[in-house]
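Here come two complexes built around subunit A, the first alongside subunit B, the second alongside subunit C.
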Partner chain A sequence: MNGLRDKAAIAGIGETAYSRNSGVTYQALLLQAAVRAIEDAGLTAKEIDAIIPPCFGAPADTFAVNLGIPDLRYAATLRIGGAAAVASLQTAAMTISSGVAKNVLCVTGWNGYSGARIKGMGSIWDATITMMPIMREFEHPFGFFIPVQWFAMMARRHMYEYGTTSVQLGAVAVAMRKHAILNDNAIMKKPITIEDHAKSRMMADPLRLLDCCLESDGAAAVVVSSAERAKDMRHRPAYIMGVGEGYPESPDYLAARPSLTETGIKKAAPKAFAMAGISPSDVDVAEIYDCFTWNVICQIEDIGFCKKGEGGPFVEGGRIELGGELPVNTHGGLLSQAHVLGMNHIVEAVKQLRGTAGKAQVKDAEIALVSGFGDIGDGSAAILRR
Partner chain B sequence: MNGLRDKAAIAGIGETAYSRNSGVTYQALLLQAAVRAIEDAGLTAKEIDAIIPPCFGAPADTFAVNLGIPDLRYAATLRIGGAAAVASLQTAAMTISSGVAKNVLCVTGWNGYSGARIKGMGSIWDATITMMPIMREFEHPFGFFIPVQWFAMMARRHMYEYGTTSVQLGAVAVAMRKHAILNDNAIMKKPITIEDHAKSRMMADPLRLLDCCLESDGAAAVVVSSAERAKDMRHRPAYIMGVGEGYPESPDYLAARPSLTETGIKKAAPKAFAMAGISPSDVDVAEIYDCFTWNVICQIEDIGFCKKGEGGPFVEGGRIELGGELPVNTHGGLLSQAHVLGMNHIVEAVKQLRGTAGKAQVKDAEIALVSGFGDIGDGSAAILRR
Partner chain C sequence: MTEHQKPLPPISPDTKEFWEGLRRHQLLIQRCQDCGTYRHYPRPMCHNCNSMNGQWVKVRGRGKVYSWIVSHHTVHPAFPTPYLVAIVELEEGVRMITNLVDTSPDEVYIGMPVEVFFEDVTEEITLPLFKPIDKGSRRT
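And then the complex of A and B:
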């Protein structure tokens, strides 16, 4: 039914070093990741003819001008926050399958630690995120300001409805950290235990410090080309088998939302699986958007790796660690590698499928799932195969 | 070569009343136009499964939530200002041809007169337009602030290089006004002459008041469906034969630009014509983005209706008026109908191809060209056929 299956493939990947203080601008980070992805694909910048720039700031022109692209044929921005990186694979595949362009650069990044701190982002957020005016008028007056507060409500509700525990949230944090320790380009390298999680500072009940992702500096990029062309490029292609997007019914977090414990991924994942023609049990490794520990549990359910409400028990006992039934975020994720809006999850999925994931390699990984998660309930999912 | 030709068609069109004071919000205008376009297509809002929202503000969620779309499958924002509306037809055609969605809502609008005045837009522009930080640092200190100043430099250069005259600019203003007078939904209804133009207040030499488009309130929308489905819908489809986008080499207006007298349309139009397999002489009616009179002259050249430098003489003698060789902006354009970022040009092209353009109908119009023009040198072109 859907014409996009296996039409396009990720041919190049690139990342900056991830850090807490890059000392360079947001644009410099983005361009560095872009240049590395283009080089990794064995292309020159002039061969890039379409760009999916980040959700925030830095339109396509920024890349065209600085990379020296004389005749860009296509650009589009996906304004769905953390769901945008994975969703960009769908737009890239559309661009290629329709013949509009041949090599699509998808890039995103953040200088969340040294640069664009949340507190200074009012004007950008207003312009790009639907719910911001709503939040400013109805939620900020009550002190409800920042993501950890929003997700605390969802996590608490999940606990109430399904008996999810803080120890289960901790299991996610511990697993991501174990994986980050294996990764030379991860920020958090100190081992943590379930006890460390339980003792970490409470940020917004029930979420503790170790339930929260990093704010960091960095950028990541991929180059998507046609499946046919990718075969002849530098590395083994990661084919885009399936991809889907999901949008919320309400632009508000809480008030008008049908459920606090279902995410946009619940709409996105079935589209991706239908396109790919496989089921969750076929997935060898999953890179799941992990802005908070709770999100991993909720998405594991909504993707269909287990039944609704069983995500808490699912993440225990090492099941989502390397060697477990479903290795999750083998790079360390947003929780322990770096926060670059999920593009690092795609890069890691490609490494797994190429067999170049180093100490975190899942043996013979053939199929990887990558998810994206936008703050207002947007979701995206892509299924990649080697 | 290109798979998009005739794959999709505009099946529905919708416009608000255009005015100087709608008394309603930007969102209300957008939603009204959207509802009308959906109804015109004979669809219900639930059948819309993809949205290309405006370049500024109002992400897809705004429409999904307010129209009650339960499961949106795709959305993308095209951040190329006045080039976005026409470019949205390409993304819509890609979405449909790849099977991602069936009915795509493309919508844009403005409450430029009563609401978002240029002077208050600093933060939105910074977030969405590349060149704004450059302008703020290097141009604003010298008093170089607003579009009429930017385009004055381009018009002056065109005069210098090609001998274009103010009388020729005036001929564009007069033609647009003549067409607006035939249009019940146009703001400017008072006839003007070349002398009126010559006597109108100088805004930024050489551009006078009557060289400038309106700031107005309004919104327009189209629904794009597959060519196959559109055949069975309420109105005669306007098939998307060809479409293309063009991006600038520099994000700055002046300093780093290779030429002040060539526009993004010079890159966009050849792509659209190549896809359509026709040439400029096949076009029966052209709706050309006319933020200033000069832009029409320059785009007529860059599209290929005449040679470079001959746009001035081309617009004289009634050639771009109804009954002339190439009727341009039969609705009155941004200059005399309303400024809704060019979506009104698409709506008018569809009316011409349906044969419902009323007093402004071009007899037996079979092929229409629509152009878009982004401030930083972006361009877009679409060729529609009945």
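And then the complex of A and C:
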């Protein structure tokens, strides 16, 4: 079970500025993040020999051409939406430990605000969501279209089964905003309160505007290398100690899931912990894919930070804020920093382990957990150590 | 019948019988001929035993609300907001996304007994909507 443990490490990280008006194409954004990650690792672009491009948008070819990569040995696109960034760490570790390639570039990003917007009905959905043909036939005729509706359906059920409240959802929004305010590269800088959350407009009852992540322009990238090689690179490596993917039953039709309140991360996280040989209580900081506030609560439970159904009370009382028992999304997350499909969560985890997270630094952070959540409940988890 | 502006289902050979049944105001659910497991959405294979011998069973169309939302944000102009979307669990155990009619957000609850209501939206397409069982009056 510990096959990939400590075989690979994140050697380089890169981000663009996060905004709502990048002014450049998404290809340019992705390439900028890629170059920064390669430079951060102390490599040249020619040393990249495997690429995991975003789940949609620019293919590996775009990177190979622009970066001038002479000998691309492997490329794979992981079509699991927001779970892809963290899952790419597993693919990268497999690629490296098997000897297929040495330095893997993983990139995500988009013009999520100035380009095609996710809350609309544009063609972006056909490219992004693998189950779109089923949705068109069995969901769209009933006006069931977009993520806030999907997760409202799940949140309602969670409220019914476990008594989770909107105030608890609000506590997640408030915590993410507090962290974003400490971050120079975060979009949302205005403080919010539980009352602001309660007064924000209803999107899909029970989810309100402040339960929803941002739509933003930006890209982020990491370079994964062998643990051995990463030791000699520019920065302290973030070792991939454990990693896993998980999928719900009935992954493509939400209505048929045996449970609406458990997601793929419930299967992914135990694999990652078993590989790492640690337990949730060993985690110093968690970067949890927060497309909506409810998803954070559900994942906190499914990862095992608390019992199933206790995620609502868990996020209250500042427990997930800096200084709390489990600081979550110290960069501000998708809710308040930017939505670049979750690579920003990995970048932040690496910063925490390097000790370069600035005002949001968790003192002596040694172990970080990063989660991914996409395609309506596919999950991925990685445990990183310094 | 006024022109239907909402998106219509793109029907495939695997799902044709389901939609043809609705046109006759029958709710048909696929059932495995080998192990008896029901499945929805319609598809070629039984997920329990991998048999491809399926049959279409006319069901009563009764069930309960499994979860529900009130959509306030306008995504598609043909859906005036707010509107109710629900997951209904049929007596046979399968669940489907649908709309609730003849009720309101104040009345809906998880576990509410509902029955199918056939809404003819075009010459070819009838949608399976659901309404509370204890309310006699049909939507006109």
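The rule is short, and it goes like this: the second predicted complex is superposed on the first by the 370 of 386 C-alpha atoms of A that agree within 3 Å, B and C clash if a C-alpha of one lies under 4 Å from a C-alpha of the other, contacts with A are read in each partner's own complex, and residues count from 1 in each chain.
Definition applied: contacts are C-beta pairs under 8 Å (C-beta built on N, C-alpha and C of every residue); 3 or more make two chains touch, one makes a residue touch a chain.
These figures come from a predicted structure and were not determined experimentally.
Novice: Which partner does A:L260 reach: the first (subunit B), the second (subunit C), both, or neither?
Specialist: In the superposed model, A:L260 contacts subunit C only, not subunit B.
Novice: So in the superposed three-chain picture, is A:A152 touching just subunit B, just subunit C, both, or none of them (first/second/both/neither)?
Specialist: After superposition on chain A, A:A152 lies in contact with subunit C alone.
Novice: Would you check which partner chain A:L4 touches, where first means subunit B only, second means subunit C only, and both and neither mean what they say?
Specialist: first
Novice: Which partner reaches more residues of subunit A, subunit B or subunit C?
Specialist: It is B that touches the greater number of subunit A residues.
Novice: Touch test for A:E139: subunit B only (first), subunit C only (second), both, or neither?
Specialist: Only subunit C is touched by A:E139; subunit B is not.
Novice: In the overlaid three-chain picture, which partner chain does A:Q90 touch, first (subunit B) or second (subunit C), both, or neither?
Specialist: Once the two structures are laid over each other on A, A:Q90 reaches subunit B alone.
Novice: Just to be sure I read the superposition right, which of the two partners does A:Y160 touch: subunit B = first, subunit C = second, or both, or neither?
Specialist: Second partner only.
Novice: Looking at the overlay, does A:M202 come into contact with subunit B only (first), subunit C only (second), both, or neither?
Specialist: second
Novice: Indicate the residue numbers of subunit A shared between its subunit B interface and its subunit C interface, in ascending order.
Specialist: Comparing the two interfaces on subunit A, one with subunit B and one with subunit C, no residues are shared.
Novice: Using the touch definition from the top, list the residues of subunit C that touch subunit A in their complex.
Specialist: That would be residues 6-12, 15, 39-41, 66-73, 75-76, 79, 82-83, 85, 87, 94-99, 105, 110, 121, 125, 127, 129 of subunit C.
Novice: Mind listing the subunit B positions that touch subunit A in their complex?
Specialist: Checking each residue of subunit B against subunit A gives 1-4, 56-62, 64-65, 69-80, 90-91, 93-95, 97-100, 123-124, 126-131, 244-251, 267, 271, 376, 378.
Novice: State the interface residues of subunit A toward subunit C in the complex, per the touch definition above.
Specialist: Result: residues 119-121, 133-134, 136-146, 148-149, 152-154, 156-157, 160, 201-206, 253-256, 260 of subunit A touch subunit C.
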